[in-house]
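Look at the two complexes coming up: chain A is in both, with chain B in one and chain C in the other.
Moving on, here comes the complex of A and B:
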């Protein structure tokens, strides 16, 4: 049973969390049941989970897109922030436009901002062979500092001490789709982006080239496919998805650009992508579950537990998955032979 | 033979994923001799020796050492039977000294530095290795490092020592030295088997020679009785008579269009490829141009040049009358160049994708596979099903990764894809290697069909029997250079075997 490792990994992760809580003198059982019922069985928890799932899902799609070409885009966080920055620029300076014009423009700006930033790393990789892991990672810091400069300086809201811009005009805010919650149109956008990615990879010529290059660059080149161009394109799309995620977050959930990157964003996003083994539908599920775990973390903080506990549980879950990978592959092989 | 053989292998067989690497090999090696195992690349020499050394387990066959039947299932078994092997790629730790590396061959928990040093000195002294035991392996020359490998095998208790292409990495001087070391070792009672494809070494330095061809041992003969020509004939097959008498000199009748013309093309050597030097080659429609040669003499570079993957550093490439100063694989495909690569999964297919996606690979952006940038799964599926039916490919599903297919089915899939379009020039590299009789027959009949249909074919192969069976003209390749063409019925054909061993090219 190759699929067995998922529940097994989650079980081990929960057991690790249990152990830590027990050592700190908490009643782990009641923490788990409370957190679970609050996150998944209450309207508020569920809606917050959906809000959180949007940036995670978009980032994970970006990671998965690059991974199709065996590239590691560690810079989704930077691209996310840069997309948020580009969208914010439009929101602040074109606030007279109606929503139907402004929101699509912001989305395009976010996508292109994140995409071009990643494409730069793709260009360095394709032309000069510079490792994309290093360049994308380092750009995270550049973007973080740039956004920090803006929200502490020229873009800081007037008369405010908090490092953030003023609240966006109503036209620059994505509408809420479930009244009474914070669930915004970005959730629909996420589903559409996932569907588009699926269609692109499986039904378009360019998607086919990416799959061929990812599987065997040498055979692809022999068949006349330009590998370097595929690298550029895939990085543009990967960063674009993350950047669009940034736009959806500032326009839908936060309504302003803030300093400080989302902690552990890259790690969580990678986890969502790899838990789903880069399967796009799986990414939506994994993104939802991990978003739930994050919301559970907020509740645990209310109960007086450190939010780092969530990070521990996430980490152990991923570690267990990786550790079980050989088992899964063996099981798959056996299943293949039997067929 | 008066003496019982110290090693005897009988009826050995070994296949990898459906490819027969060794197919009925028999080898008898006498104690105290230098025995060479001669054959082209892919003849099964290394596989046979890896079986003896316990790296691979044979599918069938019997091994005897000193008259006793042994069951060798691991390198440890081989060691305890007194068999050691020195591989082409050394397995030494560069940052360790010679003595430390030698200590690795010994088992035990604790190592006494003093004893280790002394044991190493004694061993190196005994055979006159001339390697200082305290030197770091990283500082040694290749020849010296090889001696450390040999010493390591001896320390492990080897009485029969196998060396895989030991001279491939050595300078001529080091080669001389190595062979005199062999002599010294044999005088002390050791037996040596070495693998090679160089004729000159075999004659000069071994007592007896076993020739392998296509996974079989062809003959064992004493080096005193053998001559270069006999060996070349054994190594490459003796099919020349047929080729010569097939027709008297090819009639210079109406000839097809010249689909390919290389005019003194040079290509820089890089990495593993030896590059090309002033290669001139013509291929005509309706003719098969064969390229013979031992692999690694520039065939891969030539094949990739012919499909547009490389730009010539010098010279001109003309395709169907059109000069190609800026070649690209995509353009060559559009001009009707089909390619059956030697490395099927590595260059011909995407192993992780399904049959449909692989059939679409070469023409994925054109109709019927794609329109307006969108792929049509439906049409790819239809095409794939047709190819599968036509070539009798055994396949689990159209979307299952093709890496699950056997070698013969992979080749059929590639052929089906490449020929499912208008082809003017076909470049095929070792197309029937590893195929069973049926697959080879199919390959051959496809080639003849294409030839009849007026396709120009460049057949690059290590298999001389195949080349002679189908080629209209034949070149020999050696160290990046190409001989002038021989024609069917040409008297000079007898020399082809010798050309392949490098005679007649001068020292490059």
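Moving on, here comes the complex of A and C:
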């Protein structure tokens, strides 16, 4: 049973969290049951999970896109924020446009902003052989400081001492799709982006080329596929997905640009992509589950537990997944032989 | 501008010290990567080094004990990475990211009790007799804390170890051609374990520098990217300890320059000055890479798990 490792990894991660809570003197059982029922068995929890799933899903699609070419884009957080910044610029300065014009423009701006930032790293990788792990990651800090400069400086809402812009005009806000909740049109956009990625990677010539390059760059080069151009394109799309995610988040959920994004966004997103083994439908499921974990984290904070607990649980789950990988491969091999 | 020139020795001196955490982590990573294992979890190991150094130093009133604890914790995290990537042959990048997650989360939880508590037992700067009186260089290189001296001494030692000792040769063999090393009877897995654990311990020591020298207390996320910069320094240095020294000083000097400019009240927003330490490594990689036309000289088996059956 190769699939068995998923529940096993989750079990170990929860056990580690249990241990930490027990050490801090908390009743772990009641924390877990309360968090679970609040997140997955209540309308409010479920709808908040769907809201959180949008940025996570978009980031995970971006990671998976780059991973198809064996590239490691760990700058999705920076690209996400840069996309949010570009979209915010339009929301603040073109606020007289009607929503039908403004929202698509913001989405394009977010996509291109995040995409170009990642493509820059792709260019350095393709032209100069500079490792994309380091460049994409370092840019996270640069973009974070840039957004910090804006929301503490020129873009700060007038008369406010909170580091954020003023609330977007109604035309720059994505509409809510389930009345009474915060679930917004971004959820639909996420599903469309996932479908587009699926089509692009599996049914288009470019997708075929990218997979060929990822599996065997040398063979692909011999077959006349331009590896450097593939790297550029993939990084553009990868960062673009993250940047579009940033636009969906500011326009759909937050309605303003704020200082300080989700901590460990990159790592969580990476986990979603890795858990799903880059399978796009799996990414949506993993993104939903991890979003649930994040919402559970908010509830746990209300119960007086540190939010870092969720980070630890995620880290342990990721490590367990790696540890069980040989088990899964063995099971797969055996299943293959039996068939 | 004249005022800035006057500050130059001051900035360089501060840079030599500020580069120490990155230098220690980068030297460790050079040993790790030379053995064929990539550990991108430095950021997580360093932050655990910070928090363990603070906790133990507050408890035992000895910075040396704090340093030892940070190195032990770093070594354990290295061991974890080694077990996951060498024995279980897991993906090295994912395991490294998991270390970052784990380190960030655990350090925040463990550090709750000591958050903001001032640490009094620190490594203080000590001027070296005679050398500190040398004109110009004396002030830049010889008026530092013991950890900074240690890092500077360690660079040639690591170089000597890798190039001129038998264990060092084994490390390089494991990273260049594990098949050959194995066929000659070298214990590849054991060598890699040793290298990854040593690398983790050094990253832990780099983390300990921050609370025990620079900012004498525990602050959440106080490494602020040093681990990632150390990775950039390793690439810039082309896995050569001597050049890592140069890279770390360059980073330190850029960081110190940013702080000084802020202190003098230059009319540039602080955020832009704070970007310098993150932009500088990218700029330096671009400049050095375009000169050598992208001829990377990474250890040949870097990132690849070694499987005997596949020989």
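Methods note: the second predicted complex is superposed on the first by the 339 of 339 C-alpha atoms of A that agree within 3 Å, B and C clash if a C-alpha of one lies under 4 Å from a C-alpha of the other, contacts with A are read in each partner's own complex, and residues count from 1 in each chain.
Note that a residue touches a chain if its C-beta (ideal position, glycine included) is under 8 Å from a C-beta of that chain, and two chains touch if they have at least 3 such contacts.
Note that the structure is a prediction, hence the values are computed from the model and not measured.
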Dominant toucher of chain A (residue count), chain B or chain C: C
First, second, both or neither for A:221, with chain B first and chain C second: first
Which superposed partner A:141 touches (first chain B, second chain C, both, neither): second
Touching partner for A:160 - first (chain B), second (chain C), both, neither: neither
Contacts of A:212 with chain B and chain C, given as first, second, both or neither: first
First, second, both or neither for A:37, with chain B first and chain C second: neither
Common ground on chain A, meaning residues reached by chain C in one complex and by chain B in the other: none
Parts of chain A lying in touch with chain B, wherever the complex brings them together: 202-209, 211-212, 215-216, 218-225, 336, 339
Contact set on chain A toward chain C in their complex: 20, 24, 72, 74, 124, 127-131, 133-135, 137-139, 141-142, 145-146, 148-149, 152-153, 263-264, 267, 270-271, 274, 306, 308-316, 318-319, 322-323, 325-326
Chain A partner contacts - residues on chain B that touch it in the complex: 307-309, 328-333, 339, 341, 345-353, 357, 360-362, 364-365, 370, 373-375, 377, 396, 404
Of chain C, residues touching chain A in the complex: 40, 80, 84, 88-91, 93-95, 97-106, 108-109, 112, 224-225, 228-229, 231-232, 235, 269, 271-272, 274-275, 278-279, 281-282, 285-286, 289-290, 294-296
